[in-house]
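One structure follows; several queries about it will come next.
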């Protein structure tokens, strides 16, 4: 039914995509595409619409104008849901539950990547010791790592990461870069926002610059 | 600098196919139920509060009205019905709030499962954890208020039909108000008027049982409304949750 | 996105400045027509129409009660339809109209309940009874209040309008209940008097029917005039910083 | 079938199914008649609550049955549905519309075969006409020239 992505069509593409809030343009119109193995870095100052762009791509906000395509087909809940993984300002996990309980729940919703397990992804992000602690006992950086572990556990191929470097130390930043690189090496793609304070590791990554 | 690039779990990420999705639907509902039960268990102290509230209010009536057993017995059915409705209200308000605040709803939205189905599952979990205990203590409260024994089964049956209906309605209103900054007691204020017809039919059944009359008709109306609500309320709920996440 | 499915004139009217001008031009005529109709209807109902064979003059409250009751349902339907348009196509004007319907509808519902109560006391012998018609009309009133309350609970008014529109759509199940309550259940409230399909077969004398119909027309005209005016104000406050509003202000202040 | 259509189909079928079941249940419930009130025939058949439980009795005030007890506010009358009669006694002020032939809803309890009402409500039918027309109709009805249906939707 749904064929795996054709190599010719980009995983995700935007055509004349623009969004305005109360008729005040927030961003756009933008044209860009995201192909397998590609990372696009969205840069811009505070208030330039980076988060809004990602929320529009994730389908949480309706596109004001223009079009979003997945695998060359117009975006719909069916073409988007399950393959887009979203890591935003809000962790998307319950603080009273442990990382294991949260991740198991999300794996129940999204399915699980072949060969990945809750324990293995927690180990990969370096906080396996916190697997069964309630999230509220974790530091902000550790919580962010649990969020990263989610990306490794769930099977989506398009990562939309909003400020993934926030709250992370130097090692954490390297970890994010390494995870993105590994994801792209296996045919995935990532769209990453950053307000520019962090230098993205991959020199080949493309950049979208949003003006405030 | 970039550390050595490790392959992620030796696998390529592939979007799930439709077949995988439909088979995953049950698993997703089960996962949500398990999660909500775990959370409820972790906050089991909070679950006792509505119970305690119901017991205290029921205990207040003999004091307020005098301990005339005949008078108490006559009004017990209706009083218990109203106590259950009131005890349910506070929990309904926050049905989706914490999930909206910590971003879990965003994850629901992007999951490959229908949002309405997740909302329905949440309603079921909510009913099982917060309302079912109230129904279970009904015989105790009935005894406290001298409820005639023959009315008790009808009261239980009525509550089994009326409370899911109220939770479904409450879920829609709770989802609608979730995105509002100042919701306060808005959900209660919106739900109570809508609960009036439900209470009227439920009270009709109880009153009929009390006076030895057939009580099937009002229960059938409740059942009809419940059947409609089970299908329509989750759809409305899903639409409301999408608005809530737009913030 | 899917706006292109709307016909052209809707696009034109949906643009706030166009609507503002159109509504401003139409409104005085509607108000005048509503006043004329109300004057004729009230004169016909209170002076010309004969007293009822059983109720005497007390029945004359129907010339207010019945049109208000019809309006309470009609306005809710308007609110739900424009609310649906607001939800599906996200037309700003539809959001404004849906939200401005609610206070007018609530007012008509309140008038219906109050006049009914005034009539019920001498005729039925009670101010209020928990019959199906009265209860469902009361629920309608609370639905209006719920829409208003939900709308005002949001800081972002456009999101508030969409949430409240959804509530209005959910509440639409109440409309058939109000209308058919007197048929489905044995209530104290009487059944319908006016048979819209066969007006001449209505169980009301023609000399009483025509003022009722004229009053109905008057309330509709008043509603349209009122909603146009309210929508104009609503648009102005929503579009406060826009160029067209600025030029409007400079035009009028000159 | 593409997934969007499939989901829409499922949702539509679910809604239709729910509406069908709900309609069936409503029809069943309507047959059972949610009793806002009981008719004299139902009371006579023992369908109304007994043993001091209050209920609503509805019917028409029978011709020639209204007697005011002098010096009190008490009124005795008979409620009929043309098949069975129930004697009613009520103390209090009667509504304006209360008169012979008027459909009436009383709330109270059965005491020794007599209905002791605590509340009397007059149910208005949906007919409005000038007195002259009413007289003409009454006259015509006496002469059996007009069938009952032409009188309007005034079902009790």
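Per-chain residue numbering starts at 1, and chain names A, B, C and D are given in the order in which the chains are listed.
One rule holds in what follows: contacts are C-beta pairs under 8 Å (C-beta built on N, C-alpha and C of every residue); 3 or more make two chains touch, one makes a residue touch a chain.
Being a predicted model, the structure only gives us computed values, none of them experimental.
The two chains most heavily joined by C-beta contacts are A-B. Relative to the centroid of every protein C-alpha atom shown, the closest chain centre, again from C-alpha atoms, is found for B.
Between subunit B and subunit D, the centres computed from C-alpha atoms are 37 Å apart. Inter-chain spacing, taken between the CA centroids of subunit C and subunit D, is 31 Å. If each chain is reduced to the centroid of its CA atoms, subunit A and subunit C end up 47 Å from each other.
With touch defined as above, subunit C holds no residue shared between interfaces to two or more other chains.
Residues of subunit B in contact with two or more other chains: 18, 21, 228, 246.
Counting partners per residue, subunit A has 1-2, 78 as the residues that reach two or more other chains. Viewed as a network of touching protein chains, the structure reduces to a complete graph with every chain in contact with every other. Of all residues in subunit B, those touching subunit C in their complex are 172-173, 176-177, 179-184, 186, 189-190, 193-194, 196-197, 200, 228, 236, 239-240, 243-244, 246-247.
By the touch rule above, subunit C contacts subunit A in their complex via residues 1, 90, 158, 238-239, 242.
Subunit D meets subunit B in the complex at residues 3, 6-7, 11, 14-15, 17-19, 21-23, 25-26, 28-29, 32-35, 47-51, 53, 55. Of all the residues in subunit A, the ones that touch subunit B in their complex are 1-2, 4-5, 58-61, 78, 80-86, 88-97, 101, 104-111, 113-116, 120-121, 124, 152, 155-157, 174-175, 177-179, 181-183, 185-188, 201-202. Of all the residues in subunit D, the ones that touch subunit C in their complex are 30, 33-37, 58, 93-99, 102, 105, 119-135, 151-155.
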